[in-house]
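These are the structures in question, set out in turn.
Both complexes below contain chain A, partnered by chain B and then by chain C.
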Partner chain A sequence: MIKRNFRELSVAVALGLLLAFLAVAAPAFYQPQPLLSLLAREAPALVVACGMALVIISRQIDISVGSQFAVCGVSSGLLVAAHWPVALVFPLAILMGAALGAVNGLLVAGLRLPSIVVTLATMVTWREGLRWLRQGQFVNLPDGGQWFGMAQTTGQITLVVAAVLLLVLLAWGMKNLAVGRQVYAVGSDAEAARLAGIRPPLVTMGTFVFIGALAGLAAMMNLAQSPQVDPKSGMGLELKVIAAVVVGGVAISGGRGNLWGVFAGFLLLACISPALTHLHIQAYWEKAIQGGIILLAVVADGLRSRRSNRTGGGAP
Partner chain B sequence: MPPLLQLTAVTKSFGAVRALRGISFDLQAGEVHALLGENGAGKSTLIKVVTGAHQPDSGHLEIAGQRLTALNPTSAREAGIACIYQQPALFPDLTVAENIALRLGKTTPLCRVRWSEHRKRADELLRRIGADIDPGAEVRALSMPEQQLVEIACALGASARIVIMDEPTASLTQSEQQLLFGVVRNLRAAGVGVIYISHRLEEIFALADRVTVLRDGESVGTRPIGELNEAELIRLMIGREMAHIYPDRGGTPGEIVLAVKGLNCAAGGVRDVTLDLRAGEVLGLAGLVGAGRTELARVLFGITPADSGEIRLNGKPLRIGSPAEAVAQGIAYVPEDRRRHGVILEMPIADNMTMAVHARIFPGTWLRSGVERRLALDYIRDLGIKAYGPEAPGGSLSGGNQQKVALARWLATRPRVLILDEPTQGVDVGAKSEIHKLIRQLAQQGLAVLMISSDLPEVLGMSDRIAVMRGGTITAMLPGGANAHEVMAAALGQEEGNQGAA
Partner chain C sequence: MNRFVPLLLMAGLLFAAGCSKAPETAAPAGPASTGGSGKKLTLGFMPKSKGNAYFISCKQGADEAAKELGVELLFDGPTDPDPAKQNEIVENWITQGVDAIAVACENKDGISTALRKAKQKGIKIVTFDSDAATDAREFFVNQATPEGIGYALMDEAARLTGEAGDFAIITASLTAANMNEWRKHIDARLAAKYPKMKLVTVRPCDDMKDKAQSEATALLSAYPNLKLIMAICSPAVPGAAEAVKQAGKTGTVKVIGLGLPNENRRYVKEGVTQSVILWKTVDLGYLTIQATYAVAKGELKAGATTFKAGRLGAMEIQGDNILLGKPFVFNKDNIDQFDF
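Here is the complex of A and B:
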């Protein structure tokens, strides 16, 4: 048990050490309201990270999530500003994200194009299209629309609980639903999966639609937190979530990893910035430290796979 | 004059499999020495020892009188050894001249490339072997035989003294073969030693000066070609006792489960295959490597769907367009290369076993881990899989046990037709006999089993009937009691008339 999940556990231990260190060195970090605000701010990205985990486990990648996030955010912002009911806009945002994801999925699974190129293209296309349409203008949301009409604290708690609940459900589903197993199988060896009667293109299509839908959901979760929507929102989101997924122990070569690790990796990276603030270290160290953590994770995976290749080989 | 190449008591093992058991072999300058043997007799391993791809465990090599314990690919090339494989290893996007220059040139990264010289050199080498190929042409645009000629030109350019040809004519037409034979004869006349591997006996009689027959990693003898006829050669190749005890056949086959009529698949090279498979029988599918057996299995399993022909399952006609459809119809295929595309090494064996079931059930179905665990434990017990538990990763198991996991994956789908491709390849003797027992048990439970195997004793020992393939079609259907000679003769395509000579 410990051996199999060593990678995930080591991230969790690192996170635990950081939190323990902060408890001693910067107890102010644990003030409830700022901490809750931090978590609520990060909740949308956590949702997208869950989707990214699935995509990477299935041996693909989606770097267009930031643009999908922006398109869904601006569109639903406009609808909300036009006084459409949130209860209607909410599912529409998710549907829209799913549709954008379907474009990626069709190109990757249908035409067998490499996902990095396809999603690079859609990333730029959605982003530039949005810039052209909005000319950089923010969407101003009506007053009182924030937190879906709830009090701020209740709203924040709702967002955090929703994101964590989604992660827990996905973690369970990836292990205990047939479709979860298919994602792992396709990521490990698409040909073996095909020979076992699984349809890898359908699985690939599904993961892209799914991460698109989650980008739409995340956009709504973001919308609830601010009085306006920036058409430049979500820039760099793809890098943030890919980093969290990789640090969390999901193999970039597919087939390995789980959402608990992603959760730990995500929190570890998300805590760096506030930790620096509380420790009075200049903020520009944030990226350097995050980069270092990512590098460490990748090197650890590299050493691991080299070791297993050496012992795994043998007679034909 | 010492021989060009002399191997003395060379042995090589892979784990428990002894591929070469003390082989001695010699090659003289200016001779074509044919190497013959069944699949798995040790020819490839022997060639790999000579080209330096494998190092022998014991024994030694002498090249032109110079004694060596082992070669590596570089030292083999420097010693003048060149190998022409069935599938030429050229760079498709580079021109012929560039390919030849890359193979021959010793350059430093910053050294200037002299294009005109490369072109002239390539032109001259190609001319020497009588090949009409433009050195400026991209290799991609060349046919397979033309690519082989380029390989030979490379060998010539490297002033190779020892040229190995591994089934060079497998993909050639009649006239291309004649051209190749001419080149081989020229090489011989120039004092080159040629090791020639082929399954086509008529070529061996046409070209070779001497023949060495390998069997189970041992040399059965080296003879001048003039002392042999086809029947004797076949006898040398197969003449072995059955060391292995096979499970009793027993039971009468039931009704026809799978009926195939006039099946064609151009992409897979399968043509006009007609075949019946009954419940409760093991139908052995014999033939040489490249005869189209795996290709037939791939057609039946929908990996390369058939172009034309009819497949009936329990009398019902059906079209199998993808593995998913085949699985849904109750056809199971345990592929040949279980390391690739078989058992997923990083996945626990329980997950591996239920993988094909997942494809059959609704994707949102909740897999109860208790049920899965029990199923895995059942198969671990029933198939005698040696693993520390259902959560052991596939990669931690031995080859034989991995094979059993692959088998379990398909048994879990409760198939009606089970296609096994080389079920005991690379498996040690003990596991082999367990797998044989399992196959027989499954047949007795009413499964229709199609077993592809290159292991002739296995085919003879296990099969209720034996279909022999050659050139993409079934050339003979033999009863279970057939002898090795009949199967081998059909696989080699020997004329019925010649058999009388045996």
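Here is the complex of A and C:
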């Protein structure tokens, strides 16, 4: 058990050490209200990270999520500003995200194009389209719609619980549902999966639609937290979630990893910035530390796969 | 893993191709120029990007001046901040034979060659908002000197905190040249005039509102004695304000910054954000066209120290910079007079 999940456990231990250190060195980090705000701020990205985990496990990548997030956020914002009810805009945002994901899916699974190039193209296209449309102008939302009409604390708790619940359900589903196992199978060896009766293009299509839908959901979760939508929102989101997934022990070459590791990896990276603020360390170090963690994770994976290649093991 | 290398290369190529994308339809659909020999002068007015709210409000003032002066104003620019597209438009205007060009330069070196060419053809060049190389234009209409901005921010921070206490800065990035220039003047003013104030930290927000909100949230809990947050990039002002509001520290922690009135209006009215500092963009456009006209007419020449710009009155000229004057402070009392 420990040996099999060593990679995930080591990230969790690193996170635990950081949190313990903060408890001693900067106890103010644990004030309930600011901590809840911090978690709520990170909840949308966690949702996208869950989707990214699935995409990478299936041996693809999607770098257009940040742009999908922005397109869904701005479009939903415009609808909300036009006084459409949130109960209607909410599913629409998810549908729109799924549609954007389907574009990626069709190009990758249908035309067998490499996902990094396809999603690079859609990333640039959606982002530039948005720039052309909004020229950097914020969308101002009507008063009173924040937190979907809930009180602030209730709203924040709802967002955090929703994100974690999604992660738990996915973690369970990936392990226990046939469709979850298919994602692993396709990511490990698409040809073998095909021979076993799985249709890899369908699985690929599904993961892209799914991450798109999650980007739409995340955009709504972000929209709830502020009365304005910045069309630049979501820039760099793809890097943030890919980093979380990789640090969390998902193999970039597909087929290996789980959502619990992603959770730990995500929290570890998300805590760095506020931790440095609380420790009164200059911001110059932030990116360097995050980069170092990613490098460490990649090197660990590299050493691991070399070892398992030699011994012939390596099943997830 | 190896298969990723060629993919990344391809991706890079694609990206590069995207950056130098083929020119879109360039020529403005405006009326044909009079060739510069007619009585009515034709002036080109080019923003960094033509749909940007900031430049649209500059255009308001430019239109106003053009109407007063009876000149024809051509307004064109890239849809995106795109230096190559700016060069193209300058070339078009040279062909059309405009009398003078006023331009906010996206890329100083990129556009200067095109502007020098225009200058050789006898077209007068004035820059505004962001300058070109000094030999490529006659005057630069300078909306605010870094010193003016730095001092205005620091003085406003001091006024709001009673000249004592901790404050923090949120910037776009730690490497942005213009912001570091402002910070230098903020630091200088702080050291010279406000010994009881302390700058506790500077946090980057990648020029994004969402990130600024997160950064400000962390600042508020990490520095319980914080009296004020100074946001020196525009998305950070509403971002910081939302964080202060959510932390229940409205009024206890003041928010000021450089930004646009429309993005900050609700927070200014709620009393979360006390002051938004900028210049009057309408006046910037107005002054630019007044100056461009005067240069084209030969009324404004190098060496002048003042310039009478219509309703704005006499403006100071430092060297070849025409100064718009002190930055303007938008607050609860006046913000409703501005819409940009």
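Here is the rule we use: the second predicted complex is superposed on the first by the 312 of 316 C-alpha atoms of A that agree within 3 Å, B and C clash if a C-alpha of one lies under 4 Å from a C-alpha of the other, contacts with A are read in each partner's own complex, and residues count from 1 in each chain.
Here, a contact is a pair of C-beta atoms (placed from the backbone, for glycine too) under 8 Å apart; a residue touches a chain by one contact, two chains touch by 3 or more.
Everything numeric here is computed off the predicted structure, so don't read it as measured data.
Putting chain B and chain C onto chain A via the overlay, clash or fit?
fit
For A:Glu191, decide between first (touching chain B), second (touching chain C), both and neither.
So A:Glu191 only meets chain B here.
Answer with first, second, both or neither: which of chain B and chain C does A:Arg4 touch in the superposed model?
The first partner, chain B, only.
Determine, under the contact definition given at the top, whether A:Phe90 touches first (chain B), second (chain C), both, or neither.
A:Phe90 contacts neither chain B nor chain C.
By the touch definition at the top of the document, which applies to A:Arg256: first (chain B), second (chain C), both, or neither?
First partner only.
Looking at the overlay, what does A:Arg131 touch: chain B (first), chain C (second), both, or neither?
A:Arg131 sits against chain C, while chain B stays out of touch.
If you count the residues of chain A that each partner touches, which comes out higher, chain B or chain C?
C
In the superposed arrangement, does A:Phe210 touch chain B (first), chain C (second), both or neither?
neither
Which holds for A:Phe69: it touches chain B only (first), chain C only (second), both, or neither?
It touches nothing on chain B or chain C.
Once the structures are superposed on A, label A:Leu177 by its partner contacts, choosing first (chain B), second (chain C), both or neither.
Only chain B is touched by A:Leu177; chain C is not.
Please work out how little space separates the C-alpha atoms of chain B and chain C at their nearest point after superposition, in whole Å.
Scanning every C-alpha pair, the shortest chain B to chain C distance is 16 Å.
Both chain B and chain C contact which residues of chain A?
On chain A, no residue contacts both chain B in one structure and chain C in the other.
Inside the complex, what are the residues of chain B that reach chain A?
14-17, 301, 303, 322-324, 326-328, 333, 335, 340-347, 351, 354-356, 358-369, 391, 395, 399, 409, 413, 426
In their complex, what parts of chain A are in touch with chain C?
Spelled out, the residues of chain A in touch with chain C are 26, 28-29, 31, 33-35, 37-38, 41-42, 114, 116-117, 120-121, 124, 128, 131-132, 135-138, 140, 143, 152, 222, 225-228, 230, 232-233, 235-236, 252-253, 273-274, 277-278, 280, 282-284.
Flag every residue of chain A that touches chain B in the complex, lowest number first.
Result: residues 4, 175-179, 181-182, 184-185, 188-189, 191-199, 255-256, 308, 312, 314-316 of chain A touch chain B.
Within their complex, state which residues of chain C touch chain A.
Listed in rising order, the residues are 1, 4, 7-8, 10-11, 14-15, 18, 49, 51-53, 79-80, 174, 200-204, 206-210, 213-215, 217-222, 224, 235, 238-239, 242-243, 246-248, 262-263, 266.
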